[in-house]
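Below you will find the structure I want to go over with you.
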Amino acid sequence: TGGDSSDGDYTIEIGTLLPESGQLSGIGTTMVDAADLAFSTVDDGADSLGVDATLGDSQSTPEDGISTANNLANSGVPAVVGGASTNVHISAAEQVFIPNGMCACSPSATAVSITQMADDDLLFRTTPSDALQGQVMAEYATEEMGAQTAAVLHVNDDYGSALSGAFVSAFEEAGGTVQQEVSYETAATSYTSRIESAVQDDPDLLSVIGYAESGIQLFRDYYAQYSASRDIMTVDGLNTARIPNEVGREMDNVVGTAPMAQGPGRDAFTSMYQEEFDAEPGPFNGATFDAAAVLMLANAAAGENDGAAISEQMRAVTSEGELTVSPDNIAEGVEAAYNGDDVGYQGASSQVSFDDNGDLVTGTYEVWAYAPDTERGIETIETFTV
Amino acid sequence: MPLSRRFTDAGVGQTLRRNYVEAIFVGFVALLGVDLLFSLATGSLPLSRFATYVWDGLIIGLALGLAGIGLSLTYSILGFANVAHGDTITTGAFIGWGVTFVLFGFGDAAIGELLLLGVGGDLSASDLGITLTARPLAVAVGLVLTAAITAGLSLGLDRYVFEPLRDATSMIVLIASVGVAFLLRYALVFFYKPSQRSLVAQPETAVFGTADGVPVIAGSRQALQNGEAFVEIPVAIGSGTNALLQVNAHQLLLVAVAIGLMIGLHVLLQRTKLGKSMRAMADNDDLARTRGIPTERVIRWTWVIGGTTSGVAGFLIVLERGTMSFQFGWLLLLLIFAAVVLGGIGSIYGAIVGGIIVGLTTTVSLVWLPEATFARPVAFLIMILVLVVRPKGLFGGRVVG
Amino acid sequence: MTERSSSGEAVTDPKLSVTGLEKTFDGITAVDGVSFDVQAGEMTGLIGPNGAGKSTTFNCITNLIEPDAGSVVFDGQDVTGLPTHRVARTGLVRTFQIARELREMTVLENMMVSSKEQTESAIHAVTPGLRENVRTEEEAILEQAWETLEFFDIEHVAHEYAGTLSGGQRKLLELARALMADPDMLLLDEPFAGVNPTLEERLLDRLHALTDQGYTFLIVEHDIDLIMNNCVRVLVMHQGQLLAEGAPETVRDDERVIDAYLGGEAAQ
Amino acid sequence: MSLLSVSDLDAGYGDLQILQSIDLTVDAGEYVTIVGPNGAGKSTAMKAICSVADVMGGSVQFDDVDITGVQQSDVIRHGLSYVPQNGNVFESMTVQENLEMGGYILDEIPQERFDAVYDRFPVLRERTDQTVGTMSGGQRQMVAMGQALMLDPQLLLLDEPSAGLAPDLVDEMFDKIDEINDGGTAILMVEQNAKEALRRCDRGYVLAQGKNYHEGPGRELLDDEQVRQDFLGG
Amino acid sequence: MSRLDPIVDGVRERLTDDSRSDASIIVGTMLAVYALYLLFGLGMGFNFNGQINALQRITFLTAVFAMAGLALNLQWGYTGLFNVGIAGFMAIGVYAMGIATAPVDPESASAVPGLGLPVPIGIGLGILAAAVAGLLISLPALRLKADYLAIVTLGFSEIIRLSFSSSTLTEFTVGGATMGTGGNSGLNLAGDPSKLVRTFYETGFGVAALDGISDGIIAAFASVGIERPVAVNLTYTVLVVGLLILVYFLIQRLGNSPFGRTLRAIREDEETTRALGKNTQLMKAKSFVIGCGLLGLAAIFWQGSRGLTTPDTYLIELTVFVWIVVIIGGTGSNTGTVLGAALFVSLLQEGPRFLRSVIQNTVDVPRAPASIGEAVGALGGGDPFPLVSYVFDQLAALQFVVLGFVLIVIVQQRPKGLMGHRKEPASTLDLTKPRPTSDSEGPGSEVPSDD
């Protein structure tokens, strides 16, 4: 729990719907940490305010997500950080958030389809949609890596299919040819045949879209038989430092893209995170912190624990204000917002500013590579803002 | 059930109907075969790609079959489909590999870290450098240990879960095994955390191909390109330098053990007193007891044998893949079931053959499929078609062996 | 249709007429070209050594096992190759040598299942008006079931699961259930094996009464006295073929029958 | 001293009691038959002796050893061999294998044992590799008997051995039982072919409704008008 | 055997007491479940509306699982058909409904178009599609013996799930109409049946009178302090419970009729039943098809109300859950199945989640060590807290360990399920009565009935 002391005249009610367990628990637990960091910073730092956070575990499945979301609704939580994955986010929104008038801000649901949901303006996200990442991948591949042909190997699920689709259309738009698009199931006994299928036409670039868990096996199978000098581009799912070590290769032919914590408040957030958890923030952690921060600011500005009122303030607290709030002065900012001051949040992951659909106006991505020698194990090669 | 077996022989009409389906089925497969030959001949399907599919499929298939032997055994003799089979394999493999790590990695890392296969530390992958050729002792000891541990685990499960259910219907026991599956799988998560880890270094490989038109075997694709072959067959059959197929030591071990175990177990069941008493018990346990067969002991032996083969399977699958996660047995289970049923429940040969068919289907079908997602559905489709033609599986009909 | 009569008198159309029946199980020819007729309203015996093919003949007639060759005509209708249930529906019902009770249904339910007078459609089961009709039907069936059970001396176990019956009770249930199907003709496969002799006599009386009402019976039985005393005609099978047929006395005195079956040196 | 002595036996299945204080004895080498109506509890008595049914009271002594409720699989080790009424063969196994299972408790089954059984039932010799499930009713009965004879039991319990056998085989079966009995093996047999059975045996019991009803030398029971009327079919 | 025995005996006694009607058993169980969840709700600080909503959700889940369980009971409990393709049939029902009701010209560019049919027709089509799928699979599969039928249906459900996730079928055109499954991103369900309820409250389907009624209902709810969203959920749940009651009586009546009797006979011994003149293939197919249709119905009202359905909802686990419902309830017993659904949902599925939330809400646990090794090491050093926090941290995994354990215990303690001992009637008449004496008026006289 984030801290449930109500040491003031007003208590901000807030919840999370993140995958602490299940398939996505790997990144999910650090996301909870990031959210919790925001809650407790405000709870401890703001004198007149308390934060009562209810942490809900979506268990990575829509069914469990809905149940948990219902519990949040039942507890009277007006605003939620989450859900994390697209299918959980949509289901929980349809079933719970929208009917109950709760404001939800997802740090990581990237599907394009969320944009157009009839959401009574209750849904926001602090991560850019897949369409943008596909663009970044294609752009970097064609321009920086000079790839004219590519093959895609993607995990057969929501994330993999959507991102693969976005990449393929962007790559072809950029004049390249996608020779093969091959899907695979997680935890297959062997990926050799799928890899063989994908690289059969000897593409300039192999794009691997998947997760760390299956990625280890997949790259082992790849390096066992195929050229270690072919360019490979992967995605945020594999943005985990331990992978080269597990694969047993340097993997210096691999680059990846990932939504990037590149907001003005990034350094502040990183040092806060490091101090608290003694580790580098992982993927989506900045976005999670931002979602939590913005929801708290909006809640304080609204002055009531009501979803509709909070969502009305979401754009106000993220556009420029008299007081610039960033992760390091978030407690102060929330208090100011509660007192009716005009605040403007500058996020850890991005500038954070929402368009009419509740999507980010801009998205920042990094192109990264494994760097086993560095402390983080991963280095940023370039950043893109779209 | 047993009574009806007497009367299930198919007659003229059914046979005809079946032959009809069979003819279509065989015809279709033949058509695919012709198309395959044509593609190979015209070069639109390079031989090396086809060879890779086949070898990959074969390895997957043998892994499924090997894992299926234990399932088939307990299935036919104890009369229920053990849903916990996959997770038993996983659990055995985790513990077995953990102990192996402790024994052979002693000093490289803290014992706790070794035992937990690197959870909470930096230990990973190839750190211990275990491969068949580099550390054969570690592999041998690990194999035996894992087999023993899995057998012990199976015995324990029998004692505490299945023994009290001896009189229950097979469905009830099946549900109990679902409980066991959940329990084991998430106990693994509790101890080992959910992440995938790799345990094995890259094994020695051999590449078959041609160098300047001469068939050669080299250590790697690179070596072959460089002309560093260690076997050369001085008959020119072309002109190019091509790698055709790459195999590795762990795959060869898997093939050898799968075939060995298959034959060994078949003989065990058909020829030995234990095997026969197992079959007698599966047939009519009341009469078996009356004839003095200590059925409880036979059941325990069944678990021991099933567990041992499962342990061997688990260890070798991990050795071959190089990685392991808490889900691997569970995710394999469906295909294992398909393999066992396709081959005919209770048939040891059937499990292996069924496995190979399933494995090959999932890879070779990539030649034709518009989308790789359909590979698994096609494997299931073939299984269904085979069952329509041969309702008891390829080697079905007899209870065991 | 073949003209086969044992005694040469003018033949009425037979109730059941089997011609050239054949069945081979991988290598073993169980039934090898058997042809015979059974006359309506008669009790006919079918005897022969163990393994002669009697049960297989029954299985082939009812198409539970599809014969390799041959034809079966029942009541003037060719039933060869009809699905088993259709054969039964024509009024030709069989019992099993090894009783096959529906184990986890009560004896009473076993009986009621058998009746062919019931409306078994799902629509009738759930639609209010139609369901009432079904109930009237059911009351009659229930009544008949109780009556039959009483006669077979197993009404006291009517509410027990059939799987808990004693060996003989199972045979009784098997026979009672077959009668419940209201057949024109019954193929009985060793109905009295394991039935207490006292009860057996009563049952035979019942069967005779039914014969008088026009029912036809073909009985496989090893109790030779029973066959001799109760059947008008006897068929003898041996090694899948019809060895002899005729009146009981004729058959009993037939050398071949004595050799093959009734007990000489040659057991099989 | 009796070889088998059953006294005051209550037995049944689960909560259901079938037998009410049954007494039974078989002397060494004796030939005893049980008759009675269907459902009387004859098979249950056999099963209780062999620990197949549940014993609820009373005792079973065999050869001065109390075998009441011993492990079912140990009964045969005491020298009793039992051929049940139903399910008395391993249907999925061959004839040969069925016989092997009959001799399971022997470390090594001498070939003579097989020969002895095959001599007794020549049909089986021709069919050593046939799956028993595909055999005719009578043939199965022979397999079942043969199985029990693979050992040299002190007491052979037979539940309706002649059911389903052709007449010549019925006679033969009874002759064989006589032979076995002559060889010193005591027999406890349940038969619905009651007249024949009583004629041949030393002693008979009549069971009805789970209770002892009558007892006496076989001939005596045969001659008893009441017994004839009620149980032997006139 | 264990300390559980007195409890088990107590329950058994209650269940065997025939004077208790089936309805009272179910209501009693639900009340106990409600009491438990009110406690949970207290632990989580739910307000009044929250409590009501939580009970509503438990009831809803119980109802849909009970419906699916009843369908399976018809197939397995009555007919002995080993259907392990439940998830597949459910998927077909939901997807057919979704495709039928998706608008022809969706507003959003990324949404998949469909046939644009009205919701009720879509629901009907969904049920029909599931039933037809059942028919298709039953043609070859019902010839097979139980275990083989199982693997065929299992394979079928995987074929369905994977095909729905394929990109080839994401969008396709048949006869000029464009539609699709939406692939891995899932299918937006325009035909969400719960929207019927929402529309009722919002516009009264455009009928003034209905709108008036719906406003009245909302006002009535408000007067007892129940807010609108909760009221909407409650109404939908009542609708689903109503459906469940309908399905219950349907199955019950199918069961105790000559139809059901023959199904049971087939379960016992198909060949014998055939020899008695029953067309067993046809009966099996009927039972299978009806069951599949009902599975579709259950799925539509469950998954369909989520607004989005994705292929990974229909994993094998879903099938396993429905089986668990039937098995713990007692194979063959309809009342048992409903009971099984209540217990499965409240104790095995939702219970651990609530318990975990209660714990997380009330206790503040320090950060867990990275591995159990460290935790145990600290314990050796005399500090138990790392282990405690490690355990807390791993509660999600332990939840499934507990689920597995409880399942084993239930099955061991009651191998026939909670109500498997009950002999359900196999006739429209009460067969348990002794024979009506012949001097009664015979047919047409007072024969007590079951329903």
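Each chain gets a letter, A, B, C, D and E, in the order it is written, and its residues are counted from 1.
Quick note on the criterion: a residue touches a chain if its C-beta (ideal position, glycine included) is under 8 Å from a C-beta of that chain, and two chains touch if they have at least 3 such contacts.
In UniProt terms, the chains line up like this: B, E = Branched-chain amino acid ABC transporter permease; C = Probable branched-chain amino acid transport ATP-binding protein LivG; D = ABC transporter ATP-binding protein.
Quick caveat: nothing in here was measured; it's all calculated off a predicted structure.
Common neighbours of subunit D and subunit E under the contact rule above are B, C. Greatest centre-to-centre distance from subunit D is found for A, with centres as Cα means. Compared with subunit C, the chain whose C-alpha mean position is the greatest distance off is A. Separating the CA-averaged centres of subunit B and subunit C is a span of 50 Å. Centre to centre, using the average C-alpha position, subunit A and subunit E are separated by 34 Å. Note: centroid distance subunit C to subunit E, computed from Cα atoms, is 46 Å. Chain centres here are Cα means. That of subunit A falls 38 Å from that of subunit B. In subunit B, the residues that touch at least two other chains are 3, 7, 194, 371, 373, 376. Across the assembly, subunit C contributes residues 25, 64, 98, 100 that each touch 2 or more other chains.
Residue positions of subunit E touching 2 or more other chains: 162, 165, 167, 269, 271, 397, 399. Interface of subunit D with subunit C (complex): residues 13, 16, 36-44, 85-86, 122-123, 130, 134-139, 141-142, 159-160, 163-172, 192, 194-195, 229-234. Across the complex, subunit E is touched by residues 1, 4, 20-22, 25, 54-57, 59, 61-64, 66-68, 70-71, 73-76, 86-87, 90-91, 93-95, 99-101, 111-113, 115-116, 156-158, 160-162, 165, 181, 183, 277 of subunit A.
Only residues 76, 140-141, 143-145, 147-148, 150-152, 154-156, 158-159, 162-163, 165-168, 269-271, 316, 320, 323-324, 327, 331, 369-374, 376-377, 394, 397-401, 403-408, 411-412, 415-416 of subunit E touch subunit B when the two sit together in their complex. Of all residues in subunit A, those touching subunit B in their complex are 25-26, 156, 182-187, 189-190, 192-194, 196-197, 200, 212-214, 216-217, 220, 223-225, 242, 245-248. Remark: subunit E residues 41, 44-47, 49-51, 53-54, 57, 107-111, 162, 165, 167, 183-186, 188, 192, 198, 229, 232-233, 305-308, 310, 312-313, 350, 353-354, 356-357, 360-361, 364, 367, 396-397, 399 touch subunit A in the complex.
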